[in-house]
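This report refers to the structure that appears directly beneath it.
Chain naming follows the written order as A, B, C and D, and within any one chain the residues start at number 1.
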Amino acid sequence: MIYFDTDYMEGAHPLVLRRLVETNSLHTVGYGRDAFTARAKKLILDRCGIDNGEVYFLVGGTQTNAVVLDRLLDHNDGVLATDTAHINVHEAGAIESNGNKILTLPGHDGKLAAKDIREYVETFYSDATNEFMVRPGAVYISFPTELGTLYSLDELRELRAVCDEFRLPLYIDGARLAYGLKGEGNDVTLRDIAALSDAFYIGGTKCGTLFGEAIVTRRPDLFPRFASLIKLHGATLAKGRLLGVQFEALFDEALLAETTIDNDSASDTSASDENVSKSEKCCEVLYDRIGEHAIRLAMKLREAFHVRGYKMLIESPTNQQFVILPNDKLDSLHKVASFELWGPRGATETAVRFVTDWSTTEEDVDLLIANL
Amino acid sequence: MIYFDTDYMEGAHPLVLRRLVETNSLHTVGYGRDAFTARAKKLILDRCGIDNGEVYFLVGGTQTNAVVLDRLLDHNDGVLATDTAHINVHEAGAIESNGNKILTLPGHDGKLAAKDIREYVETFYSDATNEFMVRPGAVYISFPTELGTLYSLDELRELRAVCDEFRLPLYIDGARLAYGLKGEGNDVTLRDIAALSDAFYIGGTKCGTLFGEAIVTRRPDLFPRFASLIKLHGATLAKGRLLGVQFEALFDEALLAETTIDNDSASDTSASDENVSKSEKCCEVLYDRIGEHAIRLAMKLREAFHVRGYKMLIESPTNQQFVILPNDKLDSLHKVASFELWGPRGATETAVRFVTDWSTTEEDVDLLIANL
Amino acid sequence: MIYFDTDYMEGAHPLVLRRLVETNSLHTVGYGRDAFTARAKKLILDRCGIDNGEVYFLVGGTQTNAVVLDRLLDHNDGVLATDTAHINVHEAGAIESNGNKILTLPGHDGKLAAKDIREYVETFYSDATNEFMVRPGAVYISFPTELGTLYSLDELRELRAVCDEFRLPLYIDGARLAYGLKGEGNDVTLRDIAALSDAFYIGGTKCGTLFGEAIVTRRPDLFPRFASLIKLHGATLAKGRLLGVQFEALFDEALLAETTIDNDSASDTSASDENVSKSEKCCEVLYDRIGEHAIRLAMKLREAFHVRGYKMLIESPTNQQFVILPNDKLDSLHKVASFELWGPRGATETAVRFVTDWSTTEEDVDLLIANL
Amino acid sequence: MIYFDTDYMEGAHPLVLRRLVETNSLHTVGYGRDAFTARAKKLILDRCGIDNGEVYFLVGGTQTNAVVLDRLLDHNDGVLATDTAHINVHEAGAIESNGNKILTLPGHDGKLAAKDIREYVETFYSDATNEFMVRPGAVYISFPTELGTLYSLDELRELRAVCDEFRLPLYIDGARLAYGLKGEGNDVTLRDIAALSDAFYIGGTKCGTLFGEAIVTRRPDLFPRFASLIKLHGATLAKGRLLGVQFEALFDEALLAETTIDNDSASDTSASDENVSKSEKCCEVLYDRIGEHAIRLAMKLREAFHVRGYKMLIESPTNQQFVILPNDKLDSLHKVASFELWGPRGATETAVRFVTDWSTTEEDVDLLIANL
């Protein structure tokens, strides 16, 4: 069986796991006050081009969204998001559990439009009775979105502009950030994400670690006493270094460089990406390579869908591919591959999703294509 | 340097880590619906002697306490606990963040007394204005307590009786349960804990895993829709099998048996516990061995304190030892060993804490004793 | 100036105020444990045809909705409501502040459709990942709706049926219930409301009292320890009898009967409703009369709009009339009458609202009509 | 029967009620945007000597405490209060329901000591792990306290100093403020309360109104978007002018002056306080007179207890008198007077409470004394 269900079915990328094993018997202080965590934070801030920022490591995505928005929102604020946003649909009401309302706007291929934000906020402020309404207090988007789509740099800049105009913090959910940054046609860099958001998180769980998300902010002033709020949410990891060690592995150029030379076989991923030139690789980190690998295979798969004439539910440039399969094809494919229906099964055809990640192999994709 | 600061300074017990490595490249469904998790639950329930119970795996202790008490308490209920309880002092207000009050009672060597509960509850129900007061809705204790002390079986039975009388769920925080069960003079078994509580948790983080706590209940009826509540709290681990794999390692007799024979060197712990007879070991699991190991070393240390005439802050039969050191001794010891002050430094002497765990070696303890 | 802004611009109906004055110097126990409150509860339950129910008096509507839904919903439940529902738009996030999500469905002239509920709930329960979604835990509707429209008896029965099917409590916001029950063409009685809902509230603030809403339920089992929850919400009135006295005045047949004979001039309202036959009046209470009075004047006003050919924003059979006025007419009318714009001012015409209540006089309406 | 149970057994002071009746048929805008409310705010601020402050009117005390502290406290803050504080004991967990912990300190005759605050806060800030503890974020006291005692001006200044030192807002619960300000030996004025607190409330419910509490602050910067938070708590009164009208009556010198001359009989209270000199009365308002009246009678009663040799539970200079009665005396007194036990009935003697207020008459007190 080959697996395309989702991007958290394996453990950690072998290089990440190796670092956990290597450091297992060291004694360090708890709660992320260790040297691994400090170094991981520095590597990330440097890579984001942030001078006076802060990084916080948490375990999972729902937790991360809840804790960040709890801090950014006042008790009587709401957060603007698309109606399909993960926080609105698949986090069991975690934001509302904080006491905050999600103010939904329509998505455009899953994306939030700056003009919709402006209209909502202007309407709010022009309403004389708005003290009885929930004030928009922050903006939440995902990169990539729930539908695998990407904001262009211009779109992000427009969002930034409207957020500046109305003093709204912009928070970006980067659960699949590695796959977004390497998405086909993407013109947004990690530095852009860091500069245009007030806070965002670099997803680890779906991009190479056992678990872990790195909240990054160039605005530490927006996060007073954040360590305490994290604890209040039960989100403080006792052995905090586990997060530091893993993110250090993802963002340490030296580690990847040395690994490629000395121990190439430790990394399934690197072997199959020979077409990347040396000069580009000079500053590469594992997080990049993971993104590249999954996107290359996802695009190969998409091309095969196109060639065979399948209808796409949406054109996604990232590691999630949404295609509409005739039901007989769906059933026959399910004999060799595991993947998810995207919504209920239709009468004659059904939308399904194929997801690649760092653990997907060329052979997996070729076998899937052979069965299309 | 030798480390006695706390019991979460290392990674995972080597046998636990080995299982994570062995299973790393397998694909499984997420959120704990995998076979490892299912097997770990079964092993735990069997060992607890529970037929129709349930096990839920979470990542950390504060999170576990918050989620369990959120379920057990109604919106306008409070939880009875000692004033020194971890939930009252060191969890950043997580319980209050749920909207629930902690109703504190005095501790007796850190323990909650059944008679104090009875008096509190009877006073509450006899007060004609109690609709304006917070109703006691559950009881929280720790085994061992924050001070390293243990409830006797009789004490637990008294707590059970008063809880039955007033229909109060009894919840036991077992962050250091392994070290409590093997505590010197302890007459309480895992089965007793399971039978006398409504819910409790088996601590993994301090007892051998990278992270993870196993909530065990013989009363699943008290936990309706609990998976959803866990998600709402941001406490659902995407790669849930990581918890299953680790707890399976802690509670699998077969794993330990085979390991002892085939690969003794993989476990630092086993080597030093030769005085345990074979027959006792027939049903031993790693969780037992971890407890035994830490307690044997803690008792060796305690004996040394006694022999040298140091005052103990409290007589603890578990892996935390609280001793009062003259300040010059404290300073000289700090040159060879890392350990925590227990409260502020005194003028001439200071209370300190030494903690042993599965990673503490005989050599560490001998070196510490040599410097006393 | 004549006032049609809203239905809470005056104090209390004179008969209600008179009772407050008459009882002012009596000493009673606090918190609604007095005899006035007991009698008011009985009058209401009798009139609702409820044998074993309960009534709770609170001060205001937002508070009432928040406290009731806090009790009906589990921590990880949401409440189904239309997107225009008062709780969704104009209560400043009070429901989310409780930790609960509002699950919005499209309104049909402001009304929630049973089929939309069924579809939502069925979709929820058929989703294998619904433990990560917010469960629909109750249904909220208003009678009349925000747009002044009314559910027919058949529509309410369909809602009841779908609520029964999925075990969802049905809660009806009756802020303007008096005006709904007497609405033109209405076929729903107070007893229907009581029988078809699990709980509802009889609005006092907009229907004759200084303040006060009466929560009525035929399902006290759904409201355990409710007095305590009310206190927790800060919604317990110390001098609770003030609520009892006012609702007693609204629902006491004897008071109205005697008043009509002895002291007709005390009631502005009664004087103008001479066309109600004696036999119908035999069981009339002030709450009925207040409703009739406001509706009669609202219908007179609506007829005038129709006759003059104004476009109605919506056809409302109740005390709120929504009409679209050319801007020059709007401006000239504003010189003699006070009323609210319904949304932003348009380029050439604007939607406005005219509201009648117990305090509106025939002269007010005639003057308004003369200026149309 | 004569009543000494508590100070909210009657309706409103006749002068307050008269104003409600006089203004009943006026039309005003809702939610406290009316002219009565504006004038009442101005009268209060002037009397408090506050130039750039703000007043907010709410309905009841528990609500007021919850809303104010919700604003003053960050999500992960707690409020310092005595263990006997009303918010800690008799508000059903309203503060915890906001998500905030009450950090209790021992009371000294019901009063919080500045030195205890300093010690607590210094300990907190010196603890290296305090990010896992609840930060003290505000201080709550009552004037008078739950036990009827009063802070001296020096004590309040010490509290102010420690609050300034640690940047803690000081909030004073003035549910019975009228009776505190006129308390025997009191050296604290309304202006002192206003200047030394960051916010406080002037209790109306127990001091002359039907209901209502006036939050006063010289620090509006601490209360951003407070109207919206009030609404979120369900604490916004639709007919907000009812609060304005009542507090205007309590604080309008003109009203009282004219009333004393023209219509003395309208006020039970004024008649019995002839010993107050004219010059003092020049600036008197009803709130003063209500306080004076109740205190004069309470002191007369206390003197009688002293003379007859009864033990006092505590020496209270305010309108609540706590005395220990032999049980046979308690039983005989209960035949003529209604009053509350203060705690459970003892074997031979029992603590009881007698409360006077604006409605207590000289005859009531004389009759009680005659039966002592």
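One rule holds in what follows: a residue touches a chain if its C-beta (ideal position, glycine included) is under 8 Å from a C-beta of that chain, and two chains touch if they have at least 3 such contacts.
Keep in mind that what you see is a predicted model, and the values were worked out from it rather than measured.
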Identity of the chain that, by mean CA position, is farthest from chain A: D
Selected pair, greater C-beta contact count between A-C and A-D: A-C
Centre-to-centre distance between chain D and chain A (centres being mean Cα positions), rounded to whole Å: 53
Inter-centroid spacing, chain C versus chain A (mean Cα positions, whole Å): 46
Residue numbers of chain C (touch at least two other chains): 75-76, 91-93, 97, 99, 131-133, 228-229, 231-232, 236
Residue ranges of chain D touching chain B (in the complex, touch as defined): 75-76, 78, 89-93, 96-102, 126, 129, 131-134, 344
Contact footprint of chain B on chain A as seen in their complex: 3, 5-6, 8-12, 14, 17, 20-21, 23-30, 59-67, 91-94, 97, 205-206, 210-211, 228-229, 231-239, 242, 338, 359
Parts of chain C lying in touch with chain B, wherever the complex brings them together: 70, 74-76, 99, 130-133, 135, 224-225, 227-229, 231-232, 236
